[in-house]
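Chain naming follows the written order as A, B, C, D and E, and within any one chain the residues start at number 1.
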């Protein structure tokens, strides 16, 4: 495939899941196993295509858009169907496809009540199109559509296959995120009219930036900020997240943590910063402060959790705080860090949710106190995996979690856009508190490991036969486990791909 | 003659009609009150036509009044039919009995 | 005076159809009576064909009283399309409920004749007559479930409030006439200028004129009839009131506001904007409490009216007026089209569920997904679209409004946008409640599968596909810049 | 002539390879994986010896730096993965591989029959690798990575017996306490590297940082802030007060691990890093003074705590803290070479002592010296080697510990001579602490080996695999000291070994002490002792303009002070013999000194009240929360911090998150519901009310319109 | 004040008085009669305003037809209710609203038309009206005819004795509203629904 001309490949990779979802709905519900296999087949074919795209991507020109498609779409408002992929999009696009495949594999054996694999897989595939589209859409309107498209399937996933409070959680998730995105849409329109170029093209608008008065930029940024910040979620817009995660089915949580949250940070980097650099510069210290509050606060909340899944959910708040800290740095390293943190968090926390889900299936509870320890004894391999991923999540060097966190702090010490002059002290404080957050993070993870993994299993489980990691789990987890290590050791896998694209992007910032 | 007299009369009749619509309990009396309001409008129209715009070849004001009379007749017919129907269903024409649906 | 019969051909076709329906009803007996429905549909299709041929033309007839331009044609197509859909969802409902079918369809067609006249009328008298032609048959149709207490009660409420607001409107019209000496809209606009534009009586009368249309579109505080009437009326009639009659009200409002009262747009604009805020907030907030689906849809349509009023709130006079007002009109038109598609669909599903079971509480929709996947899917799509979810036409409808706001941002516009946003979120709360019930609650044991008839299924499917296709390609209907013709006229 | 240096990375890679291989195939092998570990470390050790030899005989050598661009970091900066081999690296490589190799061999027997035997060797390999990765790092980021991995491995090994709650707690405590220090390290590294922006594309490069600091290209803020923060990392990692609390608890791990942690890896990481960055440290008097004072406090008070311990491993642990205090203090008084020298010798004799302790514990199945006694007869090899180790620790003349500790004291003396108060502090307190050291080691030795056996198990000598390493380490505990003696002032010695182009005699401290004005070379140059070397060059000496230069050279000592050391040694020995020479006294005199003893037993007693009134209730109620409820003042504080954190966490979650933030959302939703409830009442069903409201609304609107202009 | 004005004032006061009695009378038939008087008074006003034709129409259509229709309506729907109950509970509201409306309208009217000079009253001739209605107003006229037809048919549909299409009187039914249904009743309904499939149900199956 020639990355300059093979725009079709991206279109196919993007819409294959959607077509697959349609095809699945046509299968009779009674063909339970066949439906699940078809789900794997569809995602596998999609993933194969994504691998082919990744393979033929021209890494020497990673800063430029490749696999582009650009045709008129809604002529009345100048919206275009504009897809493309650069070094920033590629890893996220890849991750989306991979995680969906793994989730489909996982679903062949694990699907919570009320079953209905057809509906579940169809929604998942629909979700995939929405998520993947977000990362390759280069038209604001198209981006918005994909961004919003994810709400509906995720709403149903939580609402139909979720835990006891699924009704509450699903509606909260939906309304919360919707709220932000409507403001975002308003801001997009304001940008469109302010630019006055009759285009929604993200690249063109970035090139034109900065436009409008500072007041305009501030307001527009505020709108965009609300949309993305709720998605990320930035403290204090995070309260939908623990509920959604706690109630969501395993696969839902994995995709939510693995990809959905990334759409928020991606939006910041791809849209908010380059198009509204002045607004971004004004908001950066505030974003930084919120990010660090999120880090410390998320960790504190984790310490107070008694539910494994809820704990992991709160840990996301902290980890995404590091990502936001990178963004708040407004320099190349910060963006790099944020994007890396994105990917790493997607892999690690996705994996943690897989583990939490399987734990729930075995113990039928997620209460730490009820599980009571000794998992390492009952299920040695499982316990080791749990420790491994938890340690990755707390940011240990050599595993994926480290780079995003360290680089974010490193970048924040010397923020771009002249922020270093006016806010140098603030940013130093942010770094210190972020670093303290890492200790708290280590604290709750170790405590979690201690309470779940270590010690002798309590009596109620002593005679309970708990199956260790099963074959299907290995298949769906191994890639993530390997990636955690691979990204930890070879951060270049992501940093290198992104480098040129981030350089371009920071060029738009003018910093 | 000054137009203000008929206009104030019309306003008064109109207001009286509004009063009737809101205060009267019998549905037929409510309908009567509505008719009062429509008649008030007619006074307005005729006043304007004949005092302010007497030369209008299209005779707009009076034509308007005629149309209102026609429409009012249609409304009376339909309105009474509705009231009759309700009366047959519940043996009452009290408007404030009609409160099955609320909130 | 030469009468342009081509221009009023759709109305003529519809009138003839109405009379034929009446005659056929006399001729047919028993179950055969239901075939007046396809007859009416045939006439509607004829009218649609006739209307389509008028696209792009600019015909003025009956003096300057009647204008057929793209604005009018688009609205006529909207009405006729809705009529077709309502005929589709009415067929079995009307037949089974032992209505007087011939009369029902005759009244339905008559009401739509009034609607077809509305966007073309350029005279207050004509507008008034058209409005009454819409209303009077509707009064009767609402009460058509004769032996039902709710039905007769809702007819009474609808009727009383209808004539009351008509009287208020007439009083306003009479004073506008007294002030300007004409009922011709363009003439009125010409007469209102300079110092006359600030006479309190005139401005107050403008408001009174708007009341009649405010009633039709169920804007707060003229909305009271809507929930009570919808829930008592036969559901197809409720659908008609919620969609077609409301659209007609907006058509009339647009014509009056943007043509006759354009010189005082800076007065009615903000006030209508405030009404928009009130309308959507009140509608949405009360809708939150509803447990009856039809009432929920009723309040939701009140709220939707609030959204559609927003562009009116942006109207203004002065240098940017042409651009801003044009964008506003476009937004209104587009929103109405979207609204028709999704709301008729929602009512259609409600008919299918209620007709068989007589149940209409939201709780009765539990497990609809198991009982009829098609209806469940349809309900989901329509409600999500009403909320403004992506990939449905509802999103573009809201988008159009925000776009109209963003054309020239003012503080007031931002406030309106903020209310729109907050209200959209509130609205989702109750839409999702229904969607959740449909998909996630267990159906009560023993309820049979629902098998909606062919017509209704077809209508639901078509509207669902329409909602989704327009959701992906809104360009199919957004590209009609010519509908802003009434702005140019003003 | 640095062919071997190029292969320094192999030394690092082999333990990693061993860890990976053991994990992969260890269980299937006859030796359960231990043979892989021993083989890998053996090769590494030989290679390290070779490297050490090359760097030593050619010293001072030009540092060898080899790096690959490992990953871009954004902004044009790259992260390099590389090696930096100079004398310091070579010393550390030699020390780490030696101890690790010995521990590997020893563990093969010691850990026999333990569960997770294979896993243990894999972890040893990983641990060694992590430390070596830190040691060879050519850049600070790589150092941080190694440093953190060391922390992880210590966590995994201290918590090796994870079935027990106290072991889990100890592991958590070690990880979290050091992780807290890592905050300082990481932020410090970030601050230093930020100072390098604009100067280089590789902002973490150690040589570049050192050169920049020396050339004055780094601002004072960067240096002071960066180094103090990094020193915070050293405080926690190298067991300095007040973050030493994890170290005694870390004895929960298997004894070979204790040896590894306390002798060669982990705790030395902090000292090493300070030495690595000594050119930066040397730029600031404030930093140096801080380091010195922390070191002094630690070396004295840490040592005192060993007096009252019954657990042999705890005695050794506190002695480690104390000895680490010497090393830190030495850095703080400019004794760069002295510090590393002490680190080097200490590594050997402390490893020896721990392994010896392991041997004893293995024999009597108890950690407590009160359960031992009379072991000299049963375990002669262990006895003799343990004696050697103890003498070295106590600084008995002609053992390695003597030479290195005296260097530290000498550094203090010279620094004092240059007019720095901290110099005298280090000297005198260090001297006093040596008395304490001697006393507690003598106490331990007498109680273990003298008198009658108090063991419940008949003691027996350990096997060859355990004794062998003891023997070798005993030899090294003596021999290593001769790398820096006045007997060979001209030959290559430890100081020339450590010298680098920056740390040569040209370099000076950029600040002067109080006594600088009176200072002249003569005042600080003592008369050579022992070999009577003529005017040996001082370790640090006042320069011409009164500035003290960073020097290397032959050792320096003076007779009076030597005499004082000896007097102290023997008096302590005598005292100990009086008390413990005949076995365990009825009442241990160290426990009979009233308030002083109580203070020590209670770890200075500050926490007594806190313990009784705060820690106990809270720990018992929130048992898990008080992870840190040990019984030292600092422990109290740490426990308090932990507790406060926990409370803050619960409060944050319950109040802020669930009430305020989420409550706000709910509040909004609630008020919507409230409005909804009120508003719907307007829809009363009474059509005439509707009509009334309709008309009233119309009137208001009419008024609004009418009044609009 | 001309004689013309005097006549108007007299007729106007008469009309206003009758109107007040129409909406306040405590007797049904009195109210209807006063309504007829009001309509007649309005015809008189039309005459003073020189709208002869309209006055005629007013007499014929309103006094002659509408008022009589109302009286029939009142008599046909004579419910057993007492005199005191003719006014509902909304009288206060009605007072305020109507009073407010009158004040506002009068103020506005006087503000706008109070200073117009007195003019001579001239009305159009009846043939002018005839020409206008078929020249200028033919469209609304035709539509009005359709409207009247619809109203006629609608009124018949609603008002005629129920024969329906099945030829039998239907019992009064109520839609079950969500508000006033209790769970037990719901179960009963569902049982009924699932138990017997009525005639309509069969018809549905055929079409499905």
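Quick notes
Heads up, the rule we're going with is that contacts are C-beta pairs under 8 Å (C-beta built on N, C-alpha and C of every residue); 3 or more make two chains touch, one makes a residue touch a chain.
Since this is a predicted model, take the numbers as computed values, not measurements.
Note on connectivity: the fewest steps through touching chains from chain C to chain E is 1.
In terms of the stated touch criterion, the partners common to chain A and chain B are C, D, listed by label. With centres taken as mean CA coordinates, the chain nearest to the overall protein centre is A.
Taking the mean of the C-alpha atoms as each chain's centre, chain A and chain D sit 38 Å apart. Mean C-alpha positions place chain A and chain E at a centre distance of 64 Å.
Chain A and chain C have centres, each the mean of its CA atoms, that are 42 Å apart.
Look at where the CA atoms of chain B average out and do the same for chain E: the two points lie 6 Å apart.
In chain E, the residues that reach two or more other chains under the touch definition are 88, 90, 93-94, 97, 101, 104-105, 108-109, 113, 135-137, 140, 144, 147, 150-151, 154-158, 172, 174, 177, 179. In chain B, the positions touching at least two other chains are 3, 7, 14, 17-18, 21-23, 27, 30, 47, 52, 63, 67, 71, 74-75, 78, 81-83, 85, 89-90, 95-96, 98-103. Touching two or more other chains at once are residues 680, 683, 685-688, 691-692, 695-696, 702-703, 706 of chain D. Of all possible chain pairs, the ones that touch are A-C, A-D, B-C, B-D, B-E, C-D, C-E, D-E. Interface residues of chain E, counted against chain D in their complex, comprise 88, 90, 93-94, 96-97, 100-101, 104, 108. Interface of chain C with chain D (complex): residues 156-157, 160-161, 164-165, 168, 197-198, 200-201, 203-204, 206-208, 211, 215, 220-222, 224-225, 227-228, 267-268, 271, 275, 282, 285-286, 288-289, 426, 429.
Across the complex, chain D meets chain C through its residues 669, 672-673, 675-677, 679-680, 682-683, 685, 687, 690-691, 693-698, 701-709.
Chain C meets chain E in the complex at residues 1, 3, 8, 15, 18, 22, 30, 33, 62-63, 65-66, 92, 95-96, 98, 100-101, 103, 106-107, 110-111, 113-114, 117, 123, 125-126, 129-130, 132-133, 136-137, 139-141, 143-144, 146-151, 155, 171, 175, 178-179, 199-202, 204, 231-232, 290-293, 295, 356-363, 444, 446-448, 451-454. Against chain B, the residues of chain C that register as touching in their complex are 124-125, 128-129, 132, 136, 139-140, 143, 146-150, 152-157, 159-160, 163-164, 166-168, 170-171, 173-175, 177-178, 181-183, 227-228, 231-232, 286, 289.
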